[in-house]
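Following are the structures in question.
In what follows, subunit A forms one complex with subunit B and a second complex with subunit C.
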Partner chain A sequence: MSFKSITVVAALGAVAVSMPALAQTPKKGGTLQFAVVAEPPTTDCHGTTTFAMVHPVAPQYSTLLKLTGPHDNIKVVGDLAESWEQSADGLTYTFKLRKGVKFHDGSDFTSADIKATYERIINPPEGVVSARKAVHSDIGEILTPDAHTVVFKMKQVNASMVLHFASPFNCVYSAAELAKDPTYPSKKVMGTGAFQFVEYVKGSHWVGKKFDGYFLKDRPYLDGFKAFFVKSEAVVLGMRGGQFDAEFRGRTPAERDQLVSTMGDQVTVQEGPWITNILLSFNTSKKPFDDERVRRALTLAIDRWGGSESLGKVTLIKGVSGVFRPGASWSLPVSELEKIPGFWRDANKSREEAKRLLKEAGVPNLKLKLLNRTIAQPFTPAGIYAIDQWRRIGVETEHVQVETKLWFDGMANGNFDVAVQNISDFADDPNAQFNTLLSTKASSIAYSRHTDTRIDDLYKKQSGTVDPVERMKIVNELERYTLEKAYNIPLLWYQRIVVNHKKVKGWELPPSHFAGQTLVDVWLDQ
Partner chain B sequence: MLGYIVRRLLMVIPTLIGVAVAVFFLIRVMPGDPVVVKLRADGAAVTEETIQAERKRLGLDKPLMVQFTDYMIGLTRLDLGKSLWTGESVANEIAIRFPVTLQVAIMATLIAVLIAVPLGTLCAVYRDTWIDNLIRVLAVSGLAIPGFWLGMLIILALLYFFNWLPKIGYVSIFEDPVANLSALFWPALSVGYRYAAVVTRMMRSALLEVMREDYIRTARAKGVYESLVTRRHGLRNALLPVVTVVGLEFAFLIGGLVVTEQVFNLNGIGKLFVDATARGDFTLIQGLVLLIATVFVVVNLLVDLLYAALDPRIRLT
Partner chain C sequence: MADVTAGDAFADKIPKRTNPIVKFIVAQPLGFVGFLIVLLYFVLAVGAQWIAPYHPEEVDFGAMLTGPSPEHLFGTDQYGRDVFSRLVYGARTALAVGMLSAIVGCTLGAILGATSGYFGGIIDNVIQRLVDIMLSFPIIVLAMVVVAVLGRNMIAGIDANLIVAIALPMVPKMARIARSSTLSIAQMPFIDAARAAGYSHARIVLRHILPNIVAPYLIMLTAFIAQAILLEASLSFLGLGVTEPTAAWGLMLSGSSADFYQAAPWMILFPGLAITLAVFAFNLLGDSLRDWLDPKMKV
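Moving on to the complex of A and B:
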């Protein structure tokens, strides 16, 4: 089968999954078998940031709010919260909680559980690590006026707070269990989710079964699920061999084509922009990368539109956008993006300007070292593409690919000229997306080491702006400024490709592999 | 004999202490922070404060010599510590995976011995005939084809011809022998082929060597049947170097099934080793190195004991 026809089949599959799935009546029963291409370091949602925890663990827990819907219509809805309101000054959030919700041990869920959960995230007790403590630091006080109302009083406005209440990492734990042992989530999986924990064999599999006492009476549809921990390379063969029906993180275009060509109409393909990008960070503490002209030349040299065409066929990266995912509500319109250096449509004009800038900066024959990870997709092709683009303006690049541990070490110690990194989070959120782009004073992960506090000031301003229209203006201004200064430059955005067996229904492709994994609405058409 | 075994076992202790000390310091010389990998590898913006908190929780904030003392004291209680990645006891992490790797290694050894001893003998007996040449071609192919590649071919063939793959997940042979063997036979075969090739060549050359000895000529001169000469006098003596190779190969397999385990999705020691190394999980790496060192020492001891059983002239004192 030619590539073109494979693509067509894949595209038809993508349409097929979204249309009839909505029209069909969900069937009850069956066990969903899916692959997870990494293993969780812990079962405690608060203590890690990896999807490897989310995919097997999320079905057992609920969150206060949750993200739902496909990548082009993602929205925040209540999960344990029935409704919520935000005060006009943005300093108080009041949640009305569902009644009759039970934990898997039969105990009642109340506002005390929300309070205990969030206090654990904000002020983790001895022996507990809260990976997202910093993003909750604006919460000042948590009040529980009654068993089904919880009020969050903020120290200052944080316009991204609603998203954090919907974070898949903020699993709600039992206050009673936490009082007995604050580390219980790392030892016992017990929440209010649609599935009850059955078994976890390290390195092998995880089993969950339907929780009959789940608060949505007609859910879940599945009797249970079994997650297999496998290497990414094993997914295609495993699906072909009928060992599992789904893998939710994402496949490469080649794997998609292989599955479509061998399994035909037995699989469905869903694709969309992913909230993960490849970012090139310049070490501005080293010459000549402290010179804006050099950085601008290096971003101008990269033909992102052409790269999208070619790399999109063979790698995970495809989308052209600035600081936000292509198509996200925060993204700059393409017409505006095209005016920013590095995003011009005319590659030749860009390269001429790039050469001129390098000459002006006194480094017409620039040599640099590109620090990269030894991860085939998409780090290696991303690095190679950048090197090729820079070669076209006379820049000679040494590609230094190292293991993740050494890569972090190089970035932390400034042992690089330019580093390839990725930014990934569960939602389109200015606070999250700009965090890596801040000055070294404001962020511990600002590997570009710049000291431009204008970025920090605009960041704070947008985070503290309640009015969404006003916030959008500031975010756009911040994005334009960040892209023009080019301390860090986005290369391309990931394209999420999920290929599942056609019998897997009720799962819509969210823009993040962290979101939408509770399996509440998933059913098997068999 | 018993005294010999006790003395050999006592010698294991300083060997393992040496290994433990060397691996403890060598791992820590390598740059990189496992906590950063653990919390930031997925691209999340985790603060330095959180990194430090996790480091403290794992005891990595303590001075190196304090960590070393804690580790050595733990070893005296057979406590290998806790995995930096999962927080589980290292002994537990290994115990989950060890049966899988051990069984594959045993099955591969059985396959290798069952194939190699007769084939090697045939080669020696029919030296320079088409039988010898054919078996030698097969043996050289076995050495040339990497086990993991053969494994991939086996998987593709199973899919292509039978639309079937061995089930993922380990089931104990005592629980469900059919499921267990149907899953582990294929990796054992892919590893066993190369293993058999090594042993076949060793068997052939050892037997050819032995068949030139004076006592073989004497046996023939006494009119002993050729088959009896080969079986009783030749084969038994030729097995000594073969046993050494089998022992070394077996010990190697305990830590060396890295790629094969990945190809067949086996939850074994090799896969654990790769994961632990990529994550910089110091304590787990230490535990695994100690395990492999122990296996080598024990297998060497067993080989020595087997020597004595095969050759009455060897006295273990």
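Moving on to the complex of A and C:
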């Protein structure tokens, strides 16, 4: 089968997949076997930001709210919260909690558990790591007027707060257990989720079984699940050999094509834009990257529209967009995006302008070093593509590919001209997406080292704006300004491709590999 | 009476001097084939910018994974880059890294071996134990350790640390050979004469011993170039050598090439052949040089 025909088959599969799944009546029973391509560094949801923890651990826990639905219709719904309301000034969130919810040890869930959980995230006790403490810093006080009501009082308005209440990393823990040992989640897995922990063998597997006391009486459909920790390269062979039914992080286009060509209609393919991009950061503390003309020339040189579809056939990067993933509600409309330098449709016009700008800036034969990671997909192809595009305007690039630790050190120490990095989060959120793009005064991960406080001011303004229409206007203005200044430039956005066995039903492709992994609605058609 | 000189009288008895290149071709035809292939690679490496039809890093999405054709003799890779052009430029990388590493490794080894054999005693003991330690590591493992520890250090477009990593495993092997040659040369009367004349040790080693181990040096050098090319390709394949988008044969075989070997087998076929042929040619040349230069092989 040729490359093109495989791609077409895969694309048709992607279109066809979800329709029958929605129409069928779910069946009960069976054990879902899936691969996880990394080992969880901890079992504590609050202590890490990796999918390797989320995929095996999330089925055992609940969160206050949760994200649900596919990538083109993702929404926030209640999980342990039955309902919630936000005050008009945006400073108070009141949640009404479900009644009759039990922890796996049989104890009752109450508002005290929410309070203890969020206090652990905001003010982690000694020995506890809270990886997302900063994004919860606007929470001032947590009140529990009764056992099934919890009130969050904010220090200041944070328009992204509802998303953080739905964070898959904010697993709700037992207050009683935390009182005994605040580090218990890293030692035992015990929550209110649809599955109960059975065993975890490091380097091998994780097993969970159905929790009969789960608060949704007809869920979960599965009897249990077994997650296998394997190298990414082993997933295709494992699926072909029947070892795994699924792998939820995502496969490359080549792996998708291999699975489709060898397993045919035994697999389903789901694809969609991923909340992860490849970002090129200019070191503005070094000449000539402090010159806006040079940065603009380098973004103009990249033909994003021309590279998008073709790169998407062989790499994980595909989508053209600005600061938000393609198609997200926050994204600038394409008609506006293509007016911004670097996103013009006419590649020749862009390159002519780029050459003119480099000449004007006094660096017509610019040489630069591109700092990159030694991760094949998609960092290497991203580097190859940028280097090729810059070569076309006379820029000579040395590709410095190093191990992740050295790459981080290089960015942190400013030992680079341009760095290839990425932004990835669990939801389309202006606060999260812009955090990397702020000035050094406002963000600890602002590797471009710019000092443009207009970005910080607009960022604060949008975060403090409750009215969604008004916030959207500010976010769009901020996005336009950020892209025009080009301290950091998005190259392309990831395309998430998940290939599962066709018997796996009830799983819809979220735009993030962090979200939608509780397995509550998953069932096996066998 | 004809005016006949003594020289003329014996002229027909003096064997005619045959051109050494002709003698080598007649005596070592396979070696000559190896030499021609090596020469071809040199021509490709030196004239890459005139021979390659495309820039080796030029991405062309209109020609992704295209099979061999008049436009792309060896097809294209997943980014539409011309495989033939990348092979031609890859010869430059292979020969530059291969030759520099082999020269560095062989020269260091020869100096160490000659020093060890000449001085003997504790110096010999210390050097030989170091050689033993280095020989106990598999070549690829030693090279990987060096690359991992030293990182990258680009000088004139070539990673100097990669050359050190490839050269280092060659040092002990050359040192052993140079030592054994030195031990026999050191017993020669002209060395005693040099000592008696009061020459310094450095002068004796550099002026009298090293020139006499040139033959094994050249033989090992050709063999090591083949090894170095293979090692560079292996390290690049493992992601420790040359980095994308530089054209290098090992790199062309590695990474995502494996993802496309079914749809585009030319992506791995031609670099594989280039490596095999280069190693084969250098080995042929090395073996023939050994036979040609070793007096024992002529008996």
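The working rule: the second predicted complex is superposed on the first by the 526 of 526 C-alpha atoms of A that agree within 3 Å, B and C clash if a C-alpha of one lies under 4 Å from a C-alpha of the other, contacts with A are read in each partner's own complex, and residues count from 1 in each chain.
In the analysis below, contacts are C-beta pairs under 8 Å (C-beta built on N, C-alpha and C of every residue); 3 or more make two chains touch, one makes a residue touch a chain.
Model, not experiment: these values are computed from the prediction.
Colleague: Should the pairing of subunit B and subunit C on subunit A count as a clash or a fit in the superposition?
Modeller: The answer is fit.
Colleague: Once the structures are superposed on A, label A:Lys133 by its partner contacts, choosing first (subunit B), second (subunit C), both or neither.
Modeller: Touch partner of A:Lys133: subunit B, not subunit C.
Colleague: Is A:Ser62 touching the first partner subunit B, the second partner subunit C, both, or neither of them?
Modeller: Once the two structures are laid over each other on A, A:Ser62 reaches no partner at all.
Colleague: Taking the superposition on A as described, I'd like to know which of subunit B and subunit C A:Leu406 touches: first, second, both or neither.
Modeller: So A:Leu406 meets both subunit B and subunit C here.
Colleague: Taking the superposition on A as described, I'd like to know which of subunit B and subunit C A:Ser444 touches: first, second, both or neither.
Modeller: first
Colleague: Applying the document's definition of touch, where does A:Asp388 land relative to subunit B and subunit C: first, second, both, or neither?
Modeller: Only subunit C is touched by A:Asp388; subunit B is not.
Colleague: Touching A:Gln517, do we find subunit B (first), subunit C (second), both, or neither?
Modeller: Touch partners of A:Gln517: none, neither subunit B nor subunit C.
Colleague: Quick one: angle from subunit B through subunit A to subunit C, Cα centres, nearest 10°?
Modeller: Reported to the nearest 10, the angle reads 40 degrees.
Colleague: With both complexes superposed on chain A, which partner does A:Ala234 reach: first (subunit B), second (subunit C), both or neither?
Modeller: Touch partner of A:Ala234: subunit B, not subunit C.
Colleague: After superposing on the shared chain, does subunit C or subunit B touch more subunit A residues?
Modeller: B
Colleague: Which partner does A:Asn422 reach: the first (subunit B), the second (subunit C), both, or neither?
Modeller: In the superposition, A:Asn422 touches subunit B alone.
Colleague: State whether A:Thr284 touches subunit B only (first), subunit C only (second), both chains, or neither.
Modeller: neither
Colleague: Nearest approach of subunit B to subunit C by C-alpha atoms in the superposition, in Å, rounded to an integer.
Modeller: Shortest inter-chain C-alpha distance (subunit B to subunit C): 8 Å.
Colleague: Using the superposition on A, tell me which residues of subunit A are in contact with subunit B and, in the other complex, with subunit C.
Modeller: 406
Colleague: Using the touch definition up top, name the residues of subunit A that touch subunit B in the complex.
Modeller: Residues 39, 41-42, 48-51, 124, 127, 129-135, 186, 201-205, 228-231, 233-234, 237-238, 240-244, 276, 403-406, 408-409, 412, 421-425, 432, 435-436, 443-445.
Colleague: Which residues of subunit B touch subunit A in the complex?
Modeller: 30-34, 36-50, 53-54, 57, 85-88, 93, 96-97, 155-156, 158-159, 163-165, 167-170, 262-263, 265, 267, 271-272, 275, 278-280
Colleague: Under the touch definition given earlier, write down the residues of subunit C that touch subunit A in their complex.
Modeller: 55, 57-59, 61, 64-65, 78-80, 151-152, 154, 239, 243-246, 255-256, 259-260, 262-264
Colleague: Can you check the complex and tell me which residues of subunit A touch subunit C?
Modeller: 2-3, 6, 252, 254-255, 257-258, 306-307, 309-311, 313-314, 374, 376-377, 380-381, 383-385, 387-389, 391, 398-402, 406
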